[in-house]
Amino acid sequence: MKPLLMAGVATLAFSALAVAGPTPAGGTVSGKVTYEGTPAKMKPIDMSKEPSCAKMYSTPVLAETVVTGSGNSLENVVVYVSAGAPDDPAPSTAAVFNQKGCRYIPHVLAFQVNQELKIVNEDQTSHNIHPLPKLNREWNKSQPPGTPPISEKYDKAEIFPVKCNVHPWMHGNFAVLKNSHYAVTGDGGSFTLPNLPPGKYTITAWHESYGEQTQDVTISGSETKTVNFVFKAKPY
Amino acid sequence: MSSTIATVNTQANALRPPQRASAQAALRYAAHERASTSGIWVGLFAITMSFAAFTSALFVREGTADWTHLALPSILYLNTLVLLASSITLECARRALYGNAITQDGETTNKAGTWVLVTLLLGLGFCAGQFRAWLELRAEGIYLATNPNSSFFYLLTFLHALHVLVGILVLVYLAGRLIASHRTLRRSLFQNTAIYWHFMAVLWVYLFLLCRTKL
Amino acid sequence: MGKLLAVVLVIIAIASAYPIVTHMFPLPVDISTHGHAIDEQLNDTMWEAGTSFVAAQLVLAFFVWSFTGRKEGAPLKNFPGGARVLIIAAFLLVGTEILALGVLGQKAWANVYFTPPQADAIQIQAQAEQFAFYFRYPGPDGKFGGLHPDKIDEGNQNYFGLDPENDVAARDDIVSGELVIPVNRQVHLLMHAKDVGHSFYVRELRIQQDFVPGLDLSLHFTATKIGKYEIVCTQLCGLGHYNMKAYLNVMSEPDYENWLKQQAGQ
Amino acid sequence: MTDGSVQQAHVHAPPQGFIRKYIFSLDHKIIGKQYYGLALIAVFTGMVLSWLMRIHMVWPTAKIPLLEHLSSAGAPGGIITPEYYLSLMTMHGTLMVFFVLTNAPFAAFGNYFLPIQIGAEDMAFPRFNMMSFWTTFLAWAVLMLAFFIPDGPPIAGWTSYAPLSAVGKDAGPGMEWGMSLWGLSIAIFCIASLLGALNFIATTLDLRAKGMTLMRMPLCTWAWFITSCIALLAFAVLLPACILLILDRHFGTSFYIPAGLVVSDRLQPHSGGSPLLWQHLFWFFGHPEVYIAILPSMGIVSHVLMNSLRKPLLSAKVVIYSMMSIGFLSYMVWGHHMFLSGMNPMSALAFSFPTLTITIPATVLTLIWLGSLYGSNLQINSASLFALGFISMFVAGGVSGFFLAQPSIDIYLHATYFVVGHFHMVMGVASLFGVFAGTYFWFPKMTGRMMNETLGKLHFWITFVGAYCIFMPFHYLGLIGNVRRYQSFVDDYMQPYLPVHKFMTIAALITGAAQFIFLYNLIYSRFKGKVAPINPWNATSLEWSIPSPPPWNNFGDKHPVVYHDPYQYGVKGSQGDFVMQDSPEQVVPASGD
């Protein structure tokens, strides 16, 4: 679970970076994403075909399509302002997508339109990065160990899966978003969207296998509104 | 292919009597006549091979699950007749040119030219007919990729039409030369075009039967 | 210069034969019931082909040696018996080789392909995909769930496109990235390709068979030695081809049963 | 006036102006040289590609500085990516098989010498001849274009098996436009080769000089003739295969793509196609293609060898019939490439026997060559060295065919380095040796200058020994089950054998470098070589009866008449131990024979 924690922290860190703009102090939307019902049991990943990765784990790693935490909390949910907020310019910092132990860290990476996406390979094996967007231009590149990071940009807002053509179990997601008001839930499933100027917003929560939910919220002044999302878990 | 040679001696002009050339030149001339005839047969062999390959592809594909049935547009029957007719008219042209006349004067060449003209019009008619057939299928919502049968139908008919068009181009050239009858014309050019054209008719009959029975 | 060529030819002949004669490149151990036939066949062929190779090079060398740089007007000779002898020789030599190898060789081929799998053979489904093998066991119910390509979700470890939601038979199917089989039991491998052409090659098993998309082939073999062996893909299948492999894990019967139980438990 | 102005027939005046003379020339000699030039460019490109592959394979993390700039996508930081390795491999194979092994021995030399050797003043259809070269050039340009598109070259190998080659971009990098360019290029190449073959056949059948009976044609003319018959069939089948491939890729048909394929997480919108269909069509072309590559070299080698033996070949007829039967059999064996591809196992046997049978004519040829050496007066020069080298290589590559012809052994050796070694030796190196022999032999005739013998011999020694050092180990590695088309050997199994791979790579680098000696020799001799007489080798066939280089219409106004079989060596002739084909004198066997 440690890498997962890292993933969560990392994502939060990035989102924090992203929102730490010059925007005037405003309201905040925060809340928790949970599920009800029994989620599918994540199967262990068999990495035997890639010894250099397999030997990095004492206990088998589980698939990350559904990651749950204490109190039915749901991780890897992208929560973002889908309407009401103006488009923000891309921050100068790059969103980093790491390949380590034949897994994507973070599993879900959220970043902004035209923000630099930096893809790093820390493994001793050659990886292949094949994002499968529908609106944006599709590309498919391999990254042998020792090659410089791949730097890319996406110019259309879209959430889409990314896979490694060499290691079938490696699946992640890119969330390319219009504005800087977003978060990806980590351990505990909670999120915060600070610095929202007064106004009416639509908040969307996206999960890769449970789909999307939206809620409207109106911010007046520097209050903190709580918005919770509850997803319906499927056993299979 | 003989157009190679034919264009070479366009500078030879006017109705002057054919010169008695050196024996050597005569030999060489005959050799090239023979060569272009072997050429056309070899070419036809290659074309046959290609369509044989398509046919075998069809037989392989036939067995598969998504193989259906394709109702051929009835205009194809008409097209068949048109193409066969064109074959006959070209034969008439050949008779007119070489049939009985020992030396051709402007009249026979004109006559032949007209027959060739008719032939190529019929040829164009055939192509138009094929095009019509495709339009009819489209109208029924049957496209190239709709099912394997339609794929094969469009493929075979299109490639055949392409070959016919090549023939038509040569016919245009022939007709021009014959009607403007002050130009020389190599016998082999005409003969080989005729062979090619007849072959196209035969090939079409084969393809048509194939489509009828298999698609 | 001719003499030099002769010498070089001899050296080449010897140097080429040396690694073979001294077994510098031994075949991996054979762990199959049918493999010995193939190995014998390979061995016989090696002798016949190897001999003809060395012989030809030596003859060439000898002739080059003796017929270069002859003094002016040295008499020309024709090969005794002329072409006829050589043709007859060729027909006899190669003809017998063909019969010997060709006919005998069919036995080895037949062992693999003309014998039906035994009734009690363990049925395992192998799926090849870019760029991994996955293996499916029917599970306690002994039934394979149906395949639904649209249900394939690799991120969620659903490599085969099973539909446990509606398909009961699929729920207990065991999917593994490693081919685990009991020793000395015949295995009947049902081969399925998910995307493009692949091939199933286990050197030690002396088995190689293509996965052909849309054409589900099957293969049967019996492993006779406990151990872990490499399964590699030998049909170019894309950028990860070089890295497309899995392991064949041959276990004792009880170990195999335990493994199955443990997998079913997950 | 159907036969008006007869004597003008085909007597075209010497072409004027650079363009008509050297670029869009109708002269078979210029066209032959153009083919040779194209093959030369292709072979050096292909060679460099193989260098990159070998280097990457044994030093996977090696940074190749220049490459980084040539292809930033394929080799980020100069490190070759797995897909780029496959691109290099695909392009290497395609260039070598189509643009070198088909062009050099067949199209290049055939165009230049077939008409001369049969006493014709040009090909039957000069315009077709020109078209076929420029179409080939177009095919080459289209193929090379793949290097310069963002997508990069295809990664499906020169065999481009469907559905990998048919499903498009989902199959991986280079499989979108790169693959399409490949298919287009090969389709164009087919058309070019068909035109060429047609021309060769018609010319051979109908333009032979007086007295030049079929049996009096030199062996290389025979080889070119037989080859063009094979090519006619082979390419007439590959063309439809490519058309179907393009349709599947761009027009949504399903000839090769079955239903329910999920590639890169995408369910492919196809149904019912058969991947085996491509394999059948491809190998129906693919195996004869091997003989398209090797037969002309057999002919050239026989031609050159007879000259340096100074005595007639044991039996030219036997050579001709052997080549014919090889050509004929080559159409019954394509299935041996598909033993393990899911054909009915019975058919494996059906394909195995004709395959083994081919070794009979091949052995006959070899024995005839060897037997002719006996009692000869062998002259050693660059040409004959390469001819002898050819025999050695042909045997070396041939015997390994024995293994692969047997389905049972193929189970183990299929798709290993054994196969790679086999076809590189017999189809690649052997036929290239034929090309080298032909080059050293005919260069004086083609350029009017002799090639430098010292450089030639140096070139031979490095190439001959080098080739063995590269390709023999391939067979050994095959025996231990080293799988082909791997960009690196990630598994422990191969680790002990990496030194062997290093050895092969170094051998490849050296041998490749030696080819630049050849290139230098070509260019140097072209301008600085000593002037060649009409018949420097005291050879007998017609090409040596006319000036070097020949005038634009070969024989000028004199019309050759042929009196003898092509190889009247070792006789009492007026000019020495030989009698030219076109000399009316009696052939008196030399004494002591």
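Order of writing sets the chain letters: A, B, C and D. Residues in each chain are counted from 1.
The rule we apply is simple: a contact is a pair of C-beta atoms (placed from the backbone, for glycine too) under 8 Å apart; a residue touches a chain by one contact, two chains touch by 3 or more.
For clarity, every value in this text was computed on a predicted model and none was experimentally measured.
Asks: Farthest chain from subunit A, going by mean C-alpha coordinates, please.
Replies: B
Asks: Which pair wins on C-beta contacts, C-D or A-C?
Replies: The comparison resolves to C-D.
Asks: Please tell me the distance, in whole Å, between the geometric centres of subunit C and subunit D computed from their C-alpha atoms.
Replies: The mean C-alpha positions of subunit C and subunit D differ by 29 Å.
Asks: Report the inter-chain centroid distance for subunit A and subunit C in whole angstrom, where each centroid is the mean of the CA atoms.
Replies: 45
Asks: Calculate how many whole Å lie between the centre of subunit A and the centre of subunit D, each centre taken as the average of the chain's C-alpha atoms.
Replies: 55
Asks: Which whole number of Å gives the spacing of the CA centres of subunit B and subunit D?
Replies: Computed from C-alpha means, the inter-chain centre distance equals 34 Å.
Asks: In subunit C, what residues contact two or more other chains?
Replies: 129-130, 154, 238-240, 243, 245
Asks: Which residues does subunit A have that touch at least 2 chains other than itself?
Replies: Those would be 125-126, 128, 142, 161, 163, 165-166.
Asks: Identify every two-chain combination in which the chains touch.
Replies: By the stated definition, chains touch in these pairs: A-C, A-D, B-D, C-D.
Asks: In the complex, go through subunit B and note every residue touching subunit D.
Replies: It comes out as residues 1, 3-5, 8-9, 11-12, 15-16, 18-19, 21-22, 24-26, 28-29, 31-32, 34-36, 38-39, 42-43, 45-47, 49-50, 53-54, 56-57, 60-61, 64-67, 98, 104, 144-145, 148, 151, 155, 159, 184-187.
Asks: Can you tell me which positions in subunit D touch subunit B when the two form their complex?
Replies: My answer: residues 1-12, 121, 124-128, 194, 197-199, 201-203, 205-207, 232-233, 235-237, 239-241, 243-244, 247, 251-255, 259, 271-274, 276-277, 280-281, 284, 559.
Asks: Mind listing the subunit D positions that touch subunit A in their complex?
Replies: Answer in residue numbers: 60-61, 73, 76-77, 79-83, 169, 172-173, 264-266, 490.
Asks: Taking the touch rule as given, give the residues of subunit A at its contact with subunit C in the complex, in rising order.
Replies: 40, 42-50, 63-65, 125-126, 128, 142, 161, 163, 165-169, 171, 208-209, 234-236
Asks: Residue numbers of subunit C touching subunit A in their complex, please.
Replies: The contact residues of subunit C facing subunit A are 129-133, 153-157, 159, 164-165, 175-178, 238-240, 243-247, 266.
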